[in-house]
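Next come two complexes built around subunit A: one with subunit B, the other with subunit C.
Up next, the complex of A and B:
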C-alpha cells in the first residue's frame, strides 16, 4: 500500500539527493569548465550520476577519465535537483585508485601539508629550487609537475610559530578560532597576520587551535582515507572548543571542507556540528557589520579592483560577502568579473598532463582581466590568485588585504 | 544576511523582477536554487498562444488575446498581474535584451508561427533574430537540415509532420542531412558540443558549404537545430546564414536548450556585472512570519541554514524542479508556508496518460491575492511583504496555453512593483 510520505520523500530529495534525483537534464555539462575546454572529457552527468547507477552492480562500471574532473563543483552548484554529482565522481576515482594504486605524483600532491612543511623548513633553498629550470625539468620528469607552473614561495617562519610568539590580546568581547590552513601557515603568513589584526581591531580574541591539513588536496588526488584521517583530527580538535567560539577560515576551499565535505563526502562523525560553526572570514565580518559591530573607521584606499568569485565560494551558498565588505571602504572601485572557473582547481593545473587544459579553461578570465587593467584582481581562494597572476600577469590579492589596508595594517 | 528585496528563482520571472528592481535603484539580491528553467524551456517568449486548453486555433494578436482573457477570467494570473504589467514588463525586457547585446525581434501585437523540432507550428511573439525566418505565415519552401549523428533533431520527422499540416503544396517541405567535420557517429555529442563547434569560423564555413551543395534550388529557407553558437551567437548566426546563401532559421531542440542557455547566461552576467548580487547554490525555504509580515527566509547553504532578512520577498519559482513545490505521493505542499496545495487520493489523478493533453499537475500552485501575495485561498495574504511570480502561481497551465513567458514577465514585473511599495 502506498502511504503518504510527503515529509520524508521531499526531504530526501533536497538534503541528500539520491542518484535517482538526476533528471538527466544535462545542465551540469553545460557549465562544466573542463567539458567546455576538451572534448575528451565526457562531462559530469555521464561520469557522475549516469555511471553511478552501475557502480553498485557486481560488475562495476569502469569509467575512464574521472581524473579530468577538476573538482570545481560548478556542476553541483547548478544542478536544479541538488544531486551531489562531484561526490560520485570523487568516490569512484578514489575507489579506482585504491584498487589500482596511485601515482607518486598524486601521492605527493595529496600530502600538500608534508610537502609544504618540508618547503618551509628549507625555505630559501626550496624557493631557489622551484625557480631553477634544471630542478623544474627533473620535477616534471620524476613527479609530473609541469615546468611552467609557478610554484608558491615558502616561508621559513610559519604562521603557527608567529602566532605563538606574539603577545596575546585577551581583552575581547568574543573569541573565535582561526583555521588558517596550510597556505597561510607555509606560504602567506601575512594574510593570517591581517586576519588576526582585523579581528582584534573589532574586539575579537583570536585563538589558534592545533590543526591538520583540511584534506582537500587528498580528496582531489584520490586519497579519501588520508582526507578522512586529516578531517577526523580537525573535527576532534575543533569539537573541543567552547560552544560559543565560532570557527573562521580564510581559505575558500578549506572552509568548504569544514562546513560541508567532512560531513557529506567523508562521513566524519561530529562533522555536522563543527561545520555549522564555521564561517568564511568575509562572511563573518559581514555578519558583524549587520549586527552593527564592525569597526567602520576606514582610511580611504584609492584603488580600482576586479573581483573574481572562486567556484568553491559559490558552493558555500552565501553570496559574495567580500564585495559587500569592500564597498564599505571609501575610495575602493570594485567590479565583478564573471568569466567562470580560473582553471587551476588546486593541484589540478599543476600536473604535467593538465597544465595546458587548466590554462585553456582560464583563458576567458585572463582576457577579461587584461582588458579591465585594474590595479589588482581579488579572489578569496589562493590557487585562483596563483592562476590569475600566472595567466593574466596581474597582481592578485585576498579581499582581506584591502580591508587590512583600510585599517592601516597594509 | 540583510537586504532590501530578495528575489528567489532563476527563470524569466525572477530575472524580470530583479531587473525591474535594479532599474528602480533598489538593492535586490537574486537567490538561485540551481540552474534556470530557461535551460529547459523553449526560450522564445510566448505571451498567449491559445486562448484555452481545448482550442487548436492559435491566437493571432497576443496583447488583444490577453485583454480578452482578463475580461473573461478575472481570477486568472494575467488578470491579477494586469495588462499594464505585461506591457511595461515587456518593454523593460526588450530594452534589457538590447542592452545585453541580443538581437531579438517581435512585439505584443502579433504572434509568429514558428516550427518546432517535430514540425508543429508554435505561436510566439518575442524571439531571437535567428528564429524569425521560420515563420509559417510566410510562403517560401522549407528545407529542414539535420546533422549526421545528432539524434535530437530528426529532419525527416519535422518535414513529414509539417507537410501534412502546412498546406503549401507537395514540394514545399524537404529534409536533408549533412555530416559535420570532426563529429562521427561513434562520438556521443549534444547540442552544447555542436554549439561550441559552431563558434569556430572554419567549422561553420565547412558546414555551410556542405548544406549549400545539398540544396541545388533557389528561394528556399533552411531550418537547422538551434546550435549556432553558445555565447557569440549573433555573429555566428549572421555569418553562417550569409555563407549558406539562403535564409536560415534555428529550431529549438531537446533540453538543454541552447537558446535558453544563451538567454539566461548573458542576462545573468549582465545583471551581475551591473551590481546585483547573486547567491548561488542556495535553495530557499521556510518563511518566518509574525504579525502578517515575513521576517526571514532560510537558504540551505553549506554547513547550515543561512537566514535572509529582507524588507520584501519576490518568490519567482516555477515548479517541483526548482523547489517552488514539494510533491509527496498524495499531497503537494509549499516549502515556505507549509500549506497543502493539492491532495490526490489516487496519485495518478495528478497526471493525464497522454503527454499531449492538459496535465492536471501543471496548474497546481500557490493561491494569491490580487496583489500576488500568497494566500490560503481566502483572499487574505499569508504575509503582506511576499509576492509570487511565475509558474508557481496556481490556476493556469502555462505550457498548454503557451503563455509561460508572458506570465513570467507580467507577474515578475508586478511582483517587483508591489515589493517596492511594501
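Up next, the complex of A and C:
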C-alpha cells in the first residue's frame, strides 16, 4: 500500500457512531440539498436518527418521504457526532422496498450494468433511441424516466476490451489495479485510457482485474441484496491481488463503495481490508506528488476552469486533491464553485417524479456556472458532469482530462 | 361563606384522585379536584408505567396480584388507548432466580395469571435483546405499558365532560368544619399565593405519599411511609416487551419499553419526606448494571435522564419494610375511625389498580351522601371517541407526506421532533386553564421528553406562549428557562457519553449562543436595565 510508504495525509473514513450519538444540533438539516429545496422533505435529522428510534418498534416504521433522500451523504459528512445518518435512511428505504415491492423502474436502474451492457452492444441504435422523443415518451410512461433527462451515450468498444487488446508495458516501480466502473467501461472509455496513460507516464503498471458493477445503482434503488452480491464478487476478486497492489477508482461513487460502504452498509466480509487500499485517482496522484514521485513535466494548459466537488467525494474525507493537482499545471486557472449538490445524485434526478426537484437543487450551481463563463466545469463524478452540462449548458470534464492534456495525452 | 361550593372535594391529582373525580362525576355527584402541582406531577407521573400483570406480586402479595389481574383486564377495555400490550418476560439469570421459579409458577396459577414457559432459544428469536445471562424464560402476555400521563388526563377529561372541575397549582392548606362535620377546604394558589375556599359535603384525601400531611391538618394520623424509587430512562425501547427478573422483587429488576423509550427500575429506600428524593450515582449505575444482566444494549444505550418517585406505602403496622410492605391500598373512613364526618382517605395501591381504589372510596362516600347510583367505571370507556388520546406509537404513520407529483403541500413543522409532537397535539392544551407551565404541556404531549430533553423544542413552545397565550417575550423566556431547568435536573445524573455531549450542545446553544442566563439576570433586576433611564425622558 502506498500509505505504508508515504503516510496518509488524512483519515479516509471516520468511525461511525451509533444513532444515540445524535445531539439534535440540526447541522445535517442545514446542509441537506433536498431539505433546502423542498418543503415536503423532513430532512436527515428526522428521517435518520430521530425516526430510527421508532423503527426498532415492531409496528411503527417511519417510511413517509424516505425516497426523497437522494443519498448525497452530505449530512453524514457534516454531522459532528459521526452519525451514519444516510445509512439508516438507506436501510429503511431498502426494508420498505423489500416489503412493498420495487417498481420496474427502480429494478431497471438498479441493474445499470445489465442496461449498459445492452446499450453498449446496441450502441448506435440505443443512442439514437435515447434521443428519440417518441422513445423517451414511452420510457417516461412505462419506466418513469423523465423525458427531459439526457441519457448517457453508449460506446460499442468497452474499456475492458480496449485494455485487453493493447500492448502491456511491465517495467514499473509500482503496480495498481484499476477499478474503472461501468461508466468508463460503457460510456467514457477515453477517461479510462487517460487514467492508464497518466499512471504509466508516472512509471506505474496498471492491471485491470475482472470486475462487476460497484453496486451503488442497486443501493440507491433500494436493492441492497443485489448490491451485496455485486460487492461480494468485487471483494473476492480484489482480495486476491498481491498485497502491494493498490486499487484506484476514477469514479467518486465507485470509490466510496469500495472504500466504505461495502464494509459498513453492506457488511461484506473482507471488505475492510480491500477498502483500506482503495484510492481515488487524484488522491493517489497527489500522494505520489507528496512522495516526490509525481512526474511534473507538464505542458502549459491555458484555460479557465471551475471545479465542482461531488458530494460523494466529500464523503471520502480527502479534501479536493484534483484542485491541488491541477494547480501544479502552468496556465491552469482554477476556482471552486462551492454551490453545493448538483442535484442529480446518480439515478435520483433521472426519475420522472424527481427530475424537477433535482433541477431545483442544482439551480444554484447552474447559475454560478453560467455567471462564471469558464471553459469547462470539472467534476470527478460522471453524473455531476451530466447534470452540469444539462442544467448549465456548460462543457464538463473529469479533472484527469486536464492532467492528460498537460502530459500531452489530451 | 366559601367562595364556591361543590359536592365533593378531591385532594390530589394523581391516578387515584383523577379516578375518583371521574367516578364521582359518573354517579352524578358534583366534584372539584384540587392538586398542588400539575396533574400527574406526583408519584403517578414518576412511575415506570408498568401495567402490572400481577407477576411481580404473585408470590409475596397474592391479594395485590389478583387485583392487578382483574384491573389489567378492565383497563384494556376502558382505557385502551393509554395501554400498549407489550407482554412481558420473566427471566432467571442466577441460581437464586431458578430457585424462585416454582413459587412464581405456583403464584401465577393462584392469581390466575397466564404464564407460559418458553425455551431460551424461542425467547431470543422473539426478543433478540435478551442477554446471554438469561437461563430460563416465562412469557406473561398480560404485562404491558400504561401511560400514566394519558391515563390521568383521560380520567380528568372524562370527568370534566360530566361537569367536574380540576384545579391545578391549588394546595389544600386547611379545612372548614362545623363541629365534627367537614364543610369545606381552604386552598392557596401555589403560583400566585391567592387564597380561596371551597364549600363541600365531603372531602376525599387522595394525596398518596402526602396523605399524612393532609390528615395532620385535621389532627388525625395517616401513616404513609415514603419509599423512594430511582429510575433511569434510555433513549430507545431496547426491547419490545417488558423484562422482569424472576425473583423476589429487588433493585434494578425491571425494564419497561414505554412508547419511545425504555425505563429501568427501580430501588426502594425510605426517605424522610416525599419531596426529598436525592438520586445517587450508585443507584443509577446499579440500575444499568442490573438491567444489563437481563437485556443486551442496556449499557450501550444512551441514558437520557434519571428520576425518582416515592411510593405511598400504607403502614398497616406490620414490621414489614420497603418492598415487603403490601402494595394493597386502604380506604380510611375518618368518620368511623376519628369521628370526622365527611373526611375519607385513600392511600397505597398502584397506577394499575387506580380504578378499583376509586370505586371503593367512592362507594363509601356516595353511600354517606345518600347516592345509590352504582359504579360504572369498569364498563364505560374513558374516551367517548377512540382517537381522543392518540397514541404516540401511531404518530409516525400519521406523519405521511404527499408524493411530489401530487403537488407540493408543505409539511407541517413538528413541535418536538424527538417525540413526533405535531402542532395539533399541543394547541388545545394552550387553551386549558389547568395548564400553567411548559412542563404541563410536556406531561400532556411528551414534548421535550426525547434525547435532547427540550434543547430544541423549548424554543418552539416558548413561541407558542406568545402566539397562543399572548404572553410577552420575557415571560415566555422565563417559562422556557424553567422547562430547561426541570429537564436538566434529570439529565445531570447521566453525564457521560452522548448525554454529556448533548448537555454541552444544550448549554452552548442556550447559555453561550443565546445568552439565556444573562437575559434572565436582566429581567430579575429591571432597574439596572438601561431602558429604565430612557423611560424618564
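Odds and ends about this structure:
Rule of thumb we're sticking to: the second predicted complex is superposed on the first by the 394 of 410 C-alpha atoms of A that agree within 3 Å, B and C clash if a C-alpha of one lies under 4 Å from a C-alpha of the other, contacts with A are read in each partner's own complex, and residues count from 1 in each chain.
The rule is simple: a residue touches a chain if its C-beta (ideal position, glycine included) is under 8 Å from a C-beta of that chain, and two chains touch if they have at least 3 such contacts.
On a predicted model such as this, the values are computed, not experimentally measured, just so you know.
Three-chain overlay on subunit A, with subunit B and subunit C in a clash.
In the superposition on chain A, A:260 makes contact with subunit B only, not with subunit C. Once the two complexes are laid over each other on the shared chain, residue contacts for A:23 go to subunit B and to subunit C alike. In the superposed model, A:157 makes contact with neither subunit B nor subunit C.
Shared-chain residue A:54: touches subunit C; no touch with subunit B.
Once the two complexes are laid over each other on the shared chain, residue contacts for A:104 go to neither subunit B nor subunit C. Of the two partners subunit B and subunit C, more subunit A residues are in touch with B. Using the contact criterion defined above for the overlaid structures, shared-chain residue A:142 touches neither subunit B nor subunit C, since it reaches no partner.
Once the two complexes are laid over each other on the shared chain, residue contacts for A:38 go to subunit C alone; subunit B is not touched.
Look at A:78: by the touch rule set out above, it reaches subunit B but stays clear of subunit C. Stretch 458-466 is the one among 44-52, 152-160 or 458-466 where subunit C clashes with subunit B after the superposition on chain A.
Counting contacts by the rule stated earlier, residues 23, 25-26, 39, 42, 46, 81 of subunit A appear in both its interface with subunit B and its interface with subunit C. The touching residues of subunit C, when paired with subunit A in their complex, are 235-237, 240, 260, 300-302, 393-397, 399-405, 408-411, 414, 417-418, 420, 450-452, 455-456, 497-498, 501-502, 505. Residues 18-26, 38-42, 45-46, 50-51, 53-54, 56-62, 64-65, 68, 81, 352-354, 356-357 of subunit A touch subunit C in their complex.
Within the complex, the subunit A residues that touch subunit B are 2-7, 9-10, 13-14, 23, 25-27, 29-31, 36, 39, 42, 46, 76-82, 256, 258-260, 275-276, 278, 286, 290, 314-320, 323-324, 335-338.
Taken together, the subunit B residues at the contact with subunit A in this complex read 1-2, 29, 33-35, 39-40, 187-188, 190, 192-193, 196, 255-256, 261, 269, 272-273, 277-283, 299-304, 306, 321-323, 326-331, 333, 335, 347.
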